[in-house]
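Next come two complexes built around subunit A: one with subunit B, the other with subunit C.
Let's turn to the complex of A and B:
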């Protein structure tokens, strides 16, 4: 993926930092805003090279809309999975069948892979153990029959990916590429 | 007492319950990997509930709206950073050779590492032969 020009990356960093400043101070006082803006300009001047590679391209309306839709979708998935793990912890027989499964992703960018790995880890029942290129190795607290009973490696990867990575990928593909 | 602070209190209560569940899971699960599943995970929903609940509760008690804005920011940063440590810990555990629990059904990561080591070995041998 090509890098955006320096001004675009700098401007994007300033916008994000200023937004965080406004949220953290939670005030629209003029003094606070001016000082925050100056600080953002200053901090961004030496953090932008590592902060972003795509610059203002991240603020494309389609990306922002998908990111907004991703938040409730992800929270819902997290709550459901939390209840599932809660059930496994409380059940007297402790119904767990753990294993490390292999998934493949279609995401290309590093940021996308990072957020997919983080989303998987935040969803209870699955932790990303390692990412190697497009291969994800995931510790799963309950490996379902369709994955366990897979005859070939390809079938295993397909079934595991359908369960773990696909639901997040359709959003992350648009947001991060 | 109003709707906001009641919701906040309920969220704090739910969060505490999930904290309790992760502590219970820490005791009940058989190996480090499954303990990790319960402890790091329930902690996310637990923290989320407690932090955002505190914000709502404070606003409901008549404090400034800044409370809820700031607690949401704190919760977001926890969501962004928590998985990094979980990932580092579990990978560290695996790499330092802690075995999976006997009841574990599949270990594709071990197979992958072995295949990779063999490929590297073969390459080295071929290099020596030339």
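Let's turn to the complex of A and C:
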């Protein structure tokens, strides 16, 4: 993934910070906007190298559209996972079979890995324990037979990834790369 | 035998103190408003300070000298930490780098935390908050970088002069008040210039409260970051 030029990265940081400022103040008063814009210019001037590497490329319409579609998709996944865990807790036999599984991700960027790890942790039933390069180690409340009974490491990783990381990656791959 | 004596002594002491308190409170007429000072503040705060947040106006304006003392207390605490942990040569000695989640997350959050800290101290005269919580928020941004990266250190050359200048700025604002008005920390921006009188309750108002809170925010932020730095660096020997 190539790095965007400095102006593009700076401009992107200013835009994001200014939007955050508007959300914080919840006001379109001219004085607030002027001060917020100057503050964004100032804060971005020394934080942009760490904040973004792709700059304005993040605002590509396709990425923004996928990011907006990801919110309801993720909320839906979270609701379903909540119901699943609630079922396991309330069921008299308590059908849990916890274990740690190994997944591999196709995401390359650090931001993508961060959001995948957080998406996994935020959905009940799965917790990201560690991320090491492309390897994810995930604690799962119910390790299914296909993962538990996998003959080889490759099969285990493939089955676990198909269940946990793939659904999120469809979106995150486009949004963050 | 001793315990009975002790207990009866305690009971007698309590009775005496209780009688005392009851006597004292009996002098206060029940159900009458005794909050004369509080009422004075609430009735005059807008006209006298230009701030809509009465708490901040009291802290910075009516009792600005006390706040200067608080800043001094924090400065002495920071100096104490620095003196106790002082070594000729200090460096970060942490060995375990944070995981990719922690590192990326802290990089993404850092500018937001700075923005939020500034938001808190610049809106001191409008919303709850002010220089002290704002500065503490800014210091947490640097604390997060310390946690995530093994070799991160704050820019000492920038922070140490900035801390001193912010503290001097506070005294300077007070001295200008002394020169223009009649006393130390006289609010010249509001009382002499009436600056911001047209937009009470908006950002550019409140006399010198935003200026002082900006200075306090910078001072507290750099100071607490300095304390974090003193605690997370260790002596190295060649």
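In this text, the second predicted complex is superposed on the first by the 177 of 177 C-alpha atoms of A that agree within 3 Å, B and C clash if a C-alpha of one lies under 4 Å from a C-alpha of the other, contacts with A are read in each partner's own complex, and residues count from 1 in each chain.
Rule of thumb we're sticking to: a contact is a pair of C-beta atoms (placed from the backbone, for glycine too) under 8 Å apart; a residue touches a chain by one contact, two chains touch by 3 or more.
Bear in mind the structure is a predicted one, so any value in this text is a computation, not a measurement.
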> In the superposed model on subunit A, is it clash or fit for subunit B and subunit C?
Replying inline: fit
> Counting only touches as set out at the top, which of subunit B and subunit C does A:39 meet: first, second, both, neither?
Replying inline: second
>> After the superposition on A, what does A:117 contact: first (subunit B), second (subunit C), both or neither?
In response: both
> Is it subunit B or subunit C that touches the larger share of residues in subunit A?
Replying inline: B
> Does subunit B (first) or subunit C (second) touch A:164, or do both, or does neither?
Replying inline: neither
>> By the touch definition at the top of the document, which applies to A:50: first (subunit B), second (subunit C), both, or neither?
In response: second
> So, A:107: does it touch subunit B (first), subunit C (second), both, or neither?
Replying inline: neither
>> For A:130 in the superposed arrangement: first (subunit B), second (subunit C), both or neither?
In response: both
> So, A:31: does it touch subunit B (first), subunit C (second), both, or neither?
Replying inline: second
>> Once chain A of both complexes is superposed, is A:20 in touch with subunit B (first), subunit C (second), both, or neither?
In response: both
>> Touch test for A:11: subunit B only (first), subunit C only (second), both, or neither?
In response: neither
> Which value, in Å, gives the least CA distance between subunit B and subunit C in the superposed three-chain arrangement?
Replying inline: 7
> Considering each complex separately, which residues of subunit A are in contact with subunit B in the first and with subunit C in the second?
Replying inline: 20, 24-25, 117-118, 128, 130, 132
>> Give the list of subunit A residues in touch with subunit B in this complex.
In response: 20, 23-27, 78-79, 81-82, 85-86, 89-90, 94, 96-102, 117-118, 121-125, 127-130, 132, 135, 137, 139, 141, 143, 147-148, 156
> How about subunit B: which of its residues touch subunit A in the complex?
Replying inline: 18, 21, 24-25, 28-31, 33-34, 36-38, 40-42, 44-45, 64-66, 69-70, 72-73, 79-80, 82-84, 86-87, 90-91, 94, 100-101, 103-110, 112
> In the complex formed with subunit C, which residues of subunit A make contact?
Replying inline: 13, 17, 20-21, 24-25, 29, 31-32, 35, 39-40, 43-44, 47, 50-51, 110-111, 113-114, 117-118, 128, 130-132
> What residues on subunit C touch subunit A, complex-wise?
Replying inline: 99-101, 103-105, 107-108, 110-112, 114-116, 118-119, 122-123, 199, 202-204
